[in-house]
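Residue numbering begins at 1 within each chain, and the chains themselves are lettered A, B, C and D in the order written.
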Amino acid sequence: MHYATKSRLLSATALIAAGLISTTAFAQEATIAFASGELGATSYNPVTSSNLNSATSLIYDRLVEQDADQSYHPHLATSWEESADGMSWTFKLKEGVTFHDGTEFNAQSVADWIPDFADTENAFLVAAIDAVEVVDNLTVKFVMSRPEPNLLYNLASSFMGIPGAAAYDEMGDNFGVTGAVGTGPFKLDRFDIGLETVLVRNDDYAWASDLSENQGAAHLAQVTFREIPDQSTAFLELKTGGVDILLGVPTDFLQILKAESNVAVIQMPGTGINYMPINVTAPPFDDIKVRQATGLAINQEAIVASIYNGVGAPAHNFLISSLPEADVDPALDVRHDLDKANALLKDAGWIMDSDGVRVKDGTRLSVKLFTQNGTEFTSLTQVVQAQLADIGMEAIITVFDSSTIRDEYKENRHQLAVRGYDWNNSDILDWFFSGKRLGYPNVSMWTDAEGQRLNDVAMEESKNSEERIANFKAYHEYILSQHLFVPIYQPTTNIAYNTNKVNVPDPIRGTRFRAQTVLDITVAE
Amino acid sequence: MSSMTGIAARWMAGYRGTPVSRAFGSWLGKIAGGFLVLLVLTAIFAPWITPFDYAAQDLTNGNAPPGWPHLLGTDQFGRDVLSRVIYGARTSLSVSATAIAISITAGMTLGAAAGYFGGFFERAVMTVVDLTWSFPDILIALIFVAIIGPGLTSTTFAIAIAYLAQFTRLTRAQIVRLKRETFIEATINLGAKPHHILLKHLLPNAIAPVIVVGMLAIGDGIVLEATLGFFGLGAQPPTPSWGAMMSSGTAQLFLSPWVIIFPGVVVAVTVIAVNLFGDELIRALDIRDRIRGS
Amino acid sequence: MLWRYIFFRVLMLIPVSFSISVVIFMIVHLLPGDPIDNLIRVGSSPDDRAALITKYGLDQPLAIQYLRWIGAMFQGDFGEAIVLRRPVADLIAQNLPYSLALGGLAFAFSSIVGIILGTISATTRSKIVEQFMRGFILLGSTVPGFWLALLMILFFAVQLQWFPVSGAGGWSALVLPVLTIGFGGVALVARVTRVALLDVKREDFVMLLHAKGLPSYKILFGHLMPHALLPVVTILALRIGWILGGAVTVEFVFGRPGLGSLLIRALGQRDYPVVQGCLLMLALAVMLGTLIGDVAQAAMDPRIREAKT
Amino acid sequence: MLEVRDLEVAFGPVAPLSGVSFSLEKGETLGIVGESGSGKSLTAMSVMGLLPLSGGRITAGSIMFDGQDLTNLPEPAYRKLRGGRLGLITQNPMTSLDPLQKIGPQVDAVARLHLGMNASEARARTVEILGTLRIPEPGTICNRYPHQMSGGMKQRIVIAMALAADPDVLVADEPTTALDVTVQAQIIRLLDDLVKERDLSLVLITHDMSVVAQTCDKVVVMYAGRAIEHGPVEAIFDAPQHPYTQALIGCIPKGLSDDEHLTGIPGTVPNVLNYPKGCPFHPRCTQAKEICATDVPAFVQHGNGQAACHFPGAPQ
């Protein structure tokens, strides 16, 4: 409670000061609606929570930041060094950084924080760190149990925002709910779970990363994040002034948004792929020719042009295009080719019947096509259904909720599915294609010795990032050659805002809309 | 019954003809009944009536406003809204009617058994039934669909289960009332077998109110189907149902309001017609007291 | 007399609640899927998953899980949400006020307006007013709630911009949801009031009241209304559970938190303790509603008071 | 005191009652007899001004009470009469009291309304009246609910309500039909005593000729919405002119001898929607001739009474 009172006082003074200076006393506030994918967070405790939203990044700073081009930038760590064998990492920390409760951020803060991950769902993030050594007040060394080329990626994630150790221990389970202490540009003022989060400016803030123009305290004195479950409702809120910034606008809305005079849309490169996994154990997809034909039936360009109004990019392999591992042999990319698809099916013994559905040995080419509820997939699935009909494949759609569909996968009751992932790291390949996770997440139900070997090499034997890239690229290419899925669409992240209320920098730096962008947002005159 | 109002009521009622023809008697009953007949015919003959294939996508002509040739416009996939509304009648009516038929059958069995045998069995059944009866039907249906998965079959059963309590209560109340009547007592005293009494005497006498309430419940069933469809749990694409159409329409509230307005209007009008006709039927059968007695 | 009645009525709830807890537990564990998939993320290993299953006791036999749950319940512990990572009691406490605000207002709105409209429609001599009321009642009890909510948003929030589109910030955000839920409630209450009034008007004793020379308003308020309110009270009491849980559609469309939203979200994530807690709360509300209804009836009607004790 | 002339009542297009006339002096008891559905109760309701409750209205004739015509009396003035100078006793005591209210307030209301008494005065009066009606422990009874009492007791409460404001005319609509035989006699005796003690005028509606014979001074016999015979009780019983009256009198059990057989009247009362043409009784009349089926018979004077029959006095 102490924290809240203090911050309220501070924000009140700030508001008065602003009022004195400028005669046009605009309220230095903004209301932001979360994207549908980041709803339902019940805590701002980055260490223990399994679900964090973008407001988390405003409360806590990270050691490093990642930009849209996947490069790493210093933040609370000014520089870092990896030992040649990959068995230790040394980070130099920024000077003069303080937590919201006034305590100093230093090497000990990091040493106190890393062990907190033990026995949490997030422990895997620091699993490779054996020990944390305080070298001096502003130098910290991670002693590794194995090389971890992915360490920087982990450190840049929301889950590795650094909490104030004293407050963390003191508040216990309430940390992140009734109060939170970090070094970020905003302080948690009020958190109504499932409804809204109010953050107030940290006036002492002077340690922004180089992803922000503004290196001082934020322009906005207060930011309110709202949870709006339905996307069309959120859109209406933007239109009627209930929110100023909308994160994650569905592509369907872009056209109407662009027609609104006071709304601007910024498109960020997306961090995920929508695709159609193929269950290789379920006939007829045990035949690689049928799998390949299925992939060739999908016209990614037409889908982007029609249901996505040309926004976003067609996906031709499994990884987002900004990752170097996505740059595979062009022959392996999956591209629309109806003639080849038909030829392959004919080759496989599937003959077109009079009702437009192929038949083989009296069996119709009729398959189950699953998807999850939520507008983003249902429309895509229906178009996929129509495109599969063009090669004589009848697809019967069932829409499940996310938990039930996972059960269907685990029970191996599926054939085709339309789904998506959001992850900007090539280890997603291990997640979806490792033989250890058949059913879910390995929806393709695929496992073979060569695949597992390439997976092991990529996951465990990469000593540094160059090696890691090469290993994952090889794994990726092998997966593509097996026709385990059909890549469809690489969405953009669309951020819409009310130009009468705020100015948002364009382009947005970083992989996602986070603190670095909020720091630069100003109130419109 | 020499009380004034009683006599007057009987005079006014005008007892003539079969209940159904009497229900058709009033002008409201005529309109409502006529609409329902038309709707059922539309549903049956949907393939011959629809101007377009309900599933045919035309992505270049998505979200077209009402006009020619798409009288009620098109949805985001360029599918004809009118054709989908017509086919939706098929889905919505058949799901709701099947669900209520299942519900009536199960409810009558349970209610008759509870009412006839009484004792602990009745108590146990009625405790559960009363509880589910006062539970929101949408929650019962949502939980049920969560257990057995989405689709038309599970929607049908979900609706059936949501309204099971209603018919169980109603049947039980009828049976309990009838059991007290002398002709049944006489039959029981004569040593007739339980199933004989139930089937030959009790159920036939209890059936009229149950059927009428069932008729009204079809209206509720349509709304529940629409709500489940709205949550995306009912008919699976591309099968059109009124609720599912509105669900795909929410995202389109602005782009193409007709996609949600028309199915909604049809649902509302249908349910109103069902209610009006049901009310007329109740009046014609003069069973209002028996229905409310449950 | 009344206290005795209430005492026995409450006593009866104990075995009922116990059986309900079993039913709820079984239902929740019949659901396909499990909550662990919502906890693990890219990068974690299959071993992490197994560890979590053990951690939350999901590998235990169902009977053991039930006994643990019910045992904790006796100590006032609703358990800990698996996915939502909070004590279930906290989550319910956070969401309940929203449900109560919305439900309470909708309840008050539908009872007050419903009784007034029902009374008007049963007593008016104007054919037009009566037909209008009948139409309103019919419309209110047939229009799907979510559809009405959408139309309300379109008209009052987007076109006229009188009220916010969604959320739970302040009183103005309550207006449209209350109206949406209330509309159906008003129609229901008005219908029951109307029918009950028309029924009781046909009773012999009403004619005798007229024969005593009592003015119509005294007959209406002193005699007819208490009778007409008996079924209304029953319906309203039953609506308590309805309004708390059945608001889920409206909560969904207006993006409001509440018990219904919490339940649906937890159901989607298979967060067993939360689903169990919510269902138990709703069942309790339903039982409490029936109890209140029965007690109110007993308080109002001496015949019931004596018949059941 | 009360004079009804050519009364006609209609419910919408249907006229279930027409051409009913009778008169009543102070201290007299008038019996109205007939089978169910003959229009007896409608006549009572017309006098009480309660027809609008069930949607009926008086379309012709007059009801003169104390020199004023009640048929066009405005409702507020009528309301003062009802319960004040005109008391009503209804048929079914089981349903005639508000089950949700205690007895006391229900009876008190009359005195408070018509005699301007306050609560305690009214209660004192209630207790007094209940006492005169031979109700034991009237003070306790006031705190009872209707369902806690027997039918006979309830009917006494109803009578108490009718008497509470000292009415001039009491209309009793089949006051004993719903009661046990033993109680019936008590109630009839009670009413009879009241008329004598208080110099009341009583309109007693019944289907029981024997009750009429015991208590009434005058009688009106009704059939299918019409008065078919009326006159002093002695005259009518001595020489019933209308075959229907003859039949009704024939129904009275005369003694308890074993060989006596009760005669009923074959056939049923016609439905109001299709009253027969001509004499309404002709389909059931053993004496009916052709003219009976075509012409409505006019009243024929016979002694002090009148009968509407083409062939009055013909033996059964």
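Throughout what follows, a contact is a pair of C-beta atoms (placed from the backbone, for glycine too) under 8 Å apart; a residue touches a chain by one contact, two chains touch by 3 or more.
A quick note: this is a predicted structure, and the numbers were derived from the prediction, not measured.
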Quiz item: Does C-D or B-C have the larger number of C-beta pairs in contact?
Solution: B-C
Quiz prompt | Chain at maximum distance from chain C, centres defined as averaged CA atoms | solution = D
Self-check item: Distance-to-centre winner among chains (Cα means, whole assembly as reference)
Solution: C
Quiz item: Rounded to the nearest whole Å, what is the centre-to-centre distance of chain C and chain D, using the mean of the C-alpha atoms as each centre?
Solution: 52
Exercise. Return the distance between the CA-based centres of chain A and chain D, expressed in whole Å.
Key: 89
Practice problem: Determine the centre-to-centre distance between chain B and chain D, using the mean Cα coordinates as centres, and give it in whole Å. | Solution: 49
Practice problem: Please report how many Å separate the Cα centroid of chain B from that of chain C, as a whole number. | Solution: 22
Quiz item: Which chain B residues sit where two or more other chains touch them?
Solution: 3-5, 146, 149, 231, 250, 253
Self-check item: Numbers and ranges of chain C residues touching at least 2 other chains
Solution: 31-32, 153, 204, 207, 252
Practice problem: Mark out which residues of chain D touch at least two other chains, giving numbers and ranges. | Solution: 50, 53, 91-92
Quiz item: For the complex, which residues does chain A have touching chain B?
Solution: 230-232, 235-236, 250, 252-253, 255-256, 302, 306-307, 373-375, 378-379, 381-383, 385-386, 396-401, 404
Quiz item: Which of the residues in chain C end up touching chain D in this complex?
Solution: 203-215, 223, 226-227, 300-303, 306
Quiz prompt | chain C - residues contacting chain B, complex | solution = 16, 19-20, 23, 27, 30-32, 138-139, 141-147, 150-151, 153-154, 195, 202, 204, 207, 231, 238, 241-242, 245-246, 248-249, 252, 260, 263-264, 267, 282-283, 286-287, 289-290
Exercise. Enumerate the contact residues on chain B facing chain A in the complex.
Key: 57, 59-60, 62, 76-77, 146, 149-151, 231-233, 236-238, 248, 250-255
Quiz item: Within the complex, which stretch of chain A touches chain C?
Solution: 40, 42-43, 48-51, 121, 123-125, 150, 154, 177, 192-196, 226-230, 233-234, 236-237, 239-242, 401-404, 406-408, 421, 423, 425, 427-428, 431, 436-437, 440
